[in-house]
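In the two assemblies presented below, chain A is common to both, partnered first by chain B and then by chain C.
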Partner chain A sequence: MNIQDNYQKNKKNIFFSDNKDIQSHRDKLINIFETDRFDRKNNESLKNINLKKFIDFKYKYLVSAETSVINNNQDNSYSIVSVNGQCSSFKDDKIEITKILDKDYNDFSKNNTIEKNDHFVNLNSLFLNSGFKIVIKKNNNIKIKISNIVTDDNLTIFQKNNYICEEGSSLNLIEEYENKNNSTSNILNVINLENNSQLNHFLIQDNSSNHNLIITSHSSCKKDSNYTQKVYNFSEGYVRNFHYSELIEANSEADLQGIFFLKDNNTSNNKTFVKHLAEDCKSNQVYKGILNDRSKATYFSNTHVDQVAQKTEGYQLSKGILLSDNASYFSKPELKIYADDVKCSHGSTIGPIDENAIFYLRSRGMSKIAATKILISSFINEELSSIDNEQMSEIIQKKLVRYLSKVK
Partner chain B sequence: MFLEIKDLSVKIENKNILNGLNLNINKGEVHAIMGPNGCGKSTLANVLAGKEDYEILNGKINFKDNDLFDLNIEERAQEGMFLAFQYPVEIPGVNITPFLHSAINSKRKRINEEEIDNLSFAKLLKSKASDLGINIDMLKRSVNTGFSGGEKKRYEILQMSILNPDLAILDETDSGLDIDALKIVTEGVNKLKTKNNSFLIITHYQKLLDYIKPDHVHVMVNGSIVKSGGSEIAAEIEKDGFQKFQ
Partner chain C sequence: MNSETLNTLDTYSKNKYKYGFVTDIDNEKPKKGLNEDTIKFISLKKNEPDWMLEWRLKAFSKWKRMKEPKWANLNFPEIDYQDIYYYSAPKGFEKKPKDLSEVDPKLIETYNKLGIPLEEQKVLAGVAVDVVFDSVSVATTYKGELEKLGIIFCSIGEAIQKHPDLIKKYLGSVIPPGDHSFSALNSAVFTDGSFVYIPEGVKCPMELSTYFRINAENTGQFERTLIIADKGSYVSYLEGCTAPKRDDNQLHAANVELIALEDAEIKYSTVQNWYPGDEDGKGGIYNFVTKRGLCAGKNSKISWTQVETGSAITWKYPSCILKGENSIGEFYSVAITNNFQQADTGTKMTHIGKNTKSKIISKGISLGKSQNTYRGEVSFLRKADKARNYTQCDSLLVGNKCGAHTVPYIDSKNNTAVIEHEASTSKINEDQLYYCRQRGLSHEEAVSLIVNGFCKQVLQELPMEFAVEAQKLVSISLEGSVG
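Presenting the complex of A and B:
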């Protein structure tokens, strides 16, 4: 079934299909799909992807907002179970959670950093069937843990979420994606940080081999705000992590980090993009990958420094370890600088595990497998030891041990 | 015989490095091998430790009644062989203390000795580090990472004193050391020396042998031992160089 037929057939389940403006935007998107026909050659979002399963999907959607759970724990922390992309409404003096509205959709579609030809983001807009908005109120400091659950086989979740951190607020957000059924989640997180706010965002991805996760985020940072994102991808299924950040006012910071652990035939596509649009801003983009068996990964990083963005500091780094001759990792760092007073760098190193280090460790009595594991752990030691959230640190360590147990 | 090397020939990337080398070391002996650059000294050290880049063309090595070629790298270490590297590898993110703890316990496990617990190991490490003038703070760092040349060599000797090997191979441990560091390192080696362990010391210069007295000195040229004798050979080399042996 083609995209248009799929859309027409399921229109009644799709959010905002009675809104004329949105319908007009969607018509344009359908037109792009019809004319572009998923031309891989000129579209970065389509490279190294098994497109068939994303284009020929069977649209199936269950409404299940009733099963979402929100707990207001004593220590300013909230637990949310988002079922099939839905979350119940909730309000107290610190946060407010609502379903997304037509107005929010329009804000998403105005965004200009995410490429217009990113077909996965366009599919998300076209088939939108879930999503929520969370507002952290002024000067509050809270923690939220969201478990994202998909309940049935063959479900296709197209979800848009909006996180707003009001002035002076601070949010520690842990998102877990641990789905074991044959389904696809296509999620767009739009994040707005007001003046002097802070968001530490952890994403733990650990889906089974039959679940596909396409996650895109766009963060926008106002004066003195700080967005930190740490992605840990242990999934056995396909994951696409595309994360964009705009530093729109002075002295704001974006730190986009990721580690992926791949094995078997799995693939992961990754991208980070930071736009410096104001002076005195800092950004950091660091992705590390460990690839075993026949796994494949790509990582595109990009720093764009506008001409007004003087005193920018922007760093990019990509590192990969290939544990097998059949694994591959393609990395492409890019810098576009239009200001003259900046400090920027980029670097990329990919290769097999250091044989001299293996020999050194073995010559002290360590087995080859123990030496390999210790070197893998050391490769990401800096990132793991910098996790200041004890609960997160424990979760990641356990998953790392599980991944290492499969390394032969 | 503790270590017996018979007619050993080795090549790497189509280049013959060792050519029919013979060497016997008894328990409790200190042997020194001297030779010009590129004569195969480090290759011999690496082949003994088990580095897999080399192709063994001919020969046999027996170590403590084992055919050495039947043992892989870690089994050789667990059997009591230790190589102090000429260029110790930097391994960022691998902390010295747990690494050495794990190394000593892998050896103990092989010889059916009880594993050493955290507290006892910490005490042992602290005391050995202090003997070698190693600052305790250094033990919190990653293996060889950010160490100066002298610190790396001192750290090799610290590992050696912790693992207490039966046969220690020191591959140009003196290179890159100033005179004070050389004294500390050689004192560390001398403290370890007993009638039950042996040393194979690879060096260019006699200086090291002023501090560690060898029982036998061998001259190696083009991958073979061309002359063996006592300390007088080292003095001869210091005076006339290697030219006359080539």
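Presenting the complex of A and C:
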């Protein structure tokens, strides 16, 4: 079924389909789908992916009533269960959770950092059927844990979330994606950090092999704000992590990190993009990947420094370990720099586990497998040891052990 | 930025193109535009056999179906292929002069202005020069000496006549005419270029060199160079370019193919100084060059060194296909852009064979309002066991209106291969400047010294004959009055 028909047929349970502005934006998107030649060579979002599967899909969506927000006042923490992308509304003096509004959609559709031909983001805007908005009120220090649950098989969830950290606030956000059913989640997170606010964002992805997860995020940082994102991808199914960050006012920081563990036939596409639009900003992009069996991964990183963004520091690092001779890894660490007083660099390595290190460990009586496992753990040790949340650290260690047990 | 830096920048940008002059020679050319008749005209003029004409026409029919590659970070108006002369030869050149004294004195004068007097160079440098003036080889010196060793060094036109077997076997084997639109265009309309064949076991005793000059206005220059190094041989080839000042943009689409068989080594060095356009970005050469080397045999080696200072647009990716086991590919590049110049240059290393190694060192310097992009691809195919790559690309920005970009593509399909890539971008270090100034150097001298140090890794790879000129060029593009 083509996009147009699919959209018209399911219009009634798609958000904002009666808003004229939004409708005209969507008409443009449909037009992009109909005219685009799906040029895999030049479109980063299409590399290593069977796009047909995602474009010719069968739309199915269910609303569930089991959502919940639990507030634990003692340590300012909240547990949220989001079911099929929906979340119940909630309000107290620290946070406010609501549905997303037409205005949020319109504001975002004007942003041009994300490429026009990123078809997944376009699909998300077209078929939007869920999502919520969380506002952290001024000068509050909050912890939130969100469990993202998908209830049925064959669901197509197109979710758009808005996170707003008001001035001086601080949010520690942990998102879990652990689903076992045969569904597709296409999620777009729009994050706004006001002056002097901070967001530590953890994403733990551990879906089964038939669940597709497409996460795109766009954060914009105002003066003195700080956005840190850490992605841990243990999924056995397809995962796409595309994360964009805009540093729009002076002295803001973005730190985008990720680790992915792939095996079997799995594919993962990753991208980080930091746009420096103001002075004295810092950014850091670090992705590490471990690829086993016939898995494939891509990682695109990009630092864009605008002409006015003097005194910028922008660093990128990409590292990949190939454990099997059928695995493949593609990386494209890009720098686009228009200001002269900057310090920017990128480094990228891909290779096997160091044989000398294996030899060293084996000469001390360790088996080859044990040595390999130790070296994999040490490869990502820096990222794991920097997690200051004990509970998180434990969860990730457990998942790592599970992954390593399959390594031969 | 302090006022001194601004002054220095001003001096840089006002530095006029020293080599901008026009030699007044009657040209004989076909009508403007590209069609089958043009190609037949070229083929007829060059007295080519039928199979060559067929080959050209086939490439032309491919070109008609192709579009220009658009992925480069370049901005330029659409090229009107019908507004270009595809063949331009100084009159009376159907009969080639036997020696230099028969060559038009004006031509010789042109080269003298460039500082490469043929007469002197013959004696002094011991370099055999194959001069391409627009489209026809002017003189090939030192031919006799090379012939004794069995080395063939002549224009490609001559090679088509005299060595059709080699041409048929190798022409288009590394860059197929249908590779992309510029290679198809070149294959259809190429007029001249060099042909080198080094026989088995021969080490070429001298550096072979060609100077290309674009002279006639609105003439696209389409050279085609083919170098074959047979088993166990060695050759070092130099190519230098300077072009006179013009207001109209001129198209230049060259193809260079290198083939290194078992144990052979080819070293290819370029100094490119085409007219870059004036301070307002008017005029200048459009340089769309395809250079590709094939390490076909075991233990073969191809090394590219380039110093790119000219051209309004540079689109150039000297590449290596590392097919033979243990073969080595190297790429050393300095690219300097000033005013409104745009450069998108880099390399492509394709590792196919076992134990293949490649090394990429790229230095980009952007000044004025220019855009300088490094674009490089390193790929390890499934069978490239134990392959190794090291890439380093550094950029230097002078002034806040220019841009420096790095776009590497890294693809590994082999788990025993190791890739390392690093890049950095920065401005000239204030501490270093301060240190130099403190020791009595002027600001310009200090900048020059630091930039020369920045490029040293690449410049030292150039053969002696070129090193002097290259350093001069770096100075001219950078230091204004200095150098």
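Quick note on the criterion: the second predicted complex is superposed on the first by the 395 of 408 C-alpha atoms of A that agree within 3 Å, B and C clash if a C-alpha of one lies under 4 Å from a C-alpha of the other, contacts with A are read in each partner's own complex, and residues count from 1 in each chain.
Just so we're on the same page, a contact is a pair of C-beta atoms (placed from the backbone, for glycine too) under 8 Å apart; a residue touches a chain by one contact, two chains touch by 3 or more.
Given the structure is predicted, the values throughout are model-derived calculations rather than measurements.
Chemist: Would you sort A:32 into first (chain B), second (chain C), both or neither based on which partner it touches?
Modeler: neither
Chemist: If we overlay the two complexes on their shared chain A, which of chain B and chain C does A:382 touch? Say first, second, both or neither.
Modeler: In the superposition, A:382 touches chain B alone.
Chemist: Report the partner of chain A that touches more of its residues: chain B or chain C.
Modeler: Looking at chain A, the partner in contact with more of its residues is C.
Chemist: After the superposition on A, what does A:357 contact: first (chain B), second (chain C), both or neither?
Modeler: In the superposition, A:357 contacts chain B only.
Chemist: Check whether A:404 is in contact with chain B, with chain C, with both or with neither, and answer first, second, both or neither.
Modeler: neither
Chemist: Is A:367 touching the first partner chain B, the second partner chain C, both, or neither of them?
Modeler: Once the two structures are laid over each other on A, A:367 reaches chain B alone.
Chemist: So in the superposed three-chain picture, is A:333 touching just chain B, just chain C, both, or none of them (first/second/both/neither)?
Modeler: The second partner, chain C, only.
Chemist: Once the two structures are superposed, pull the chain A residues common to the chain B and chain C interfaces.
Modeler: None.
Chemist: Using the touch definition up top, name the residues of chain A that touch chain C in the complex.
Modeler: That would be residues 41-42, 307, 310, 320, 322-325, 327-352 of chain A.
Chemist: What part of chain B is in contact with chain A in the complex they form?
Modeler: 49-52, 72-74, 76-78, 82-83, 85, 88-89, 91-94, 99-100, 102-104, 106-107, 110, 142-143, 159, 163
Chemist: Which part of chain C faces chain A closely enough to touch in the complex?
Modeler: Residues of chain C touching chain A: 70-71, 382, 395, 397-427.
Chemist: So in the complex, which bits of chain A are touching chain B?
Modeler: On the chain A side, the touching residues are 354, 356-357, 359-368, 370, 374-375, 377-382.
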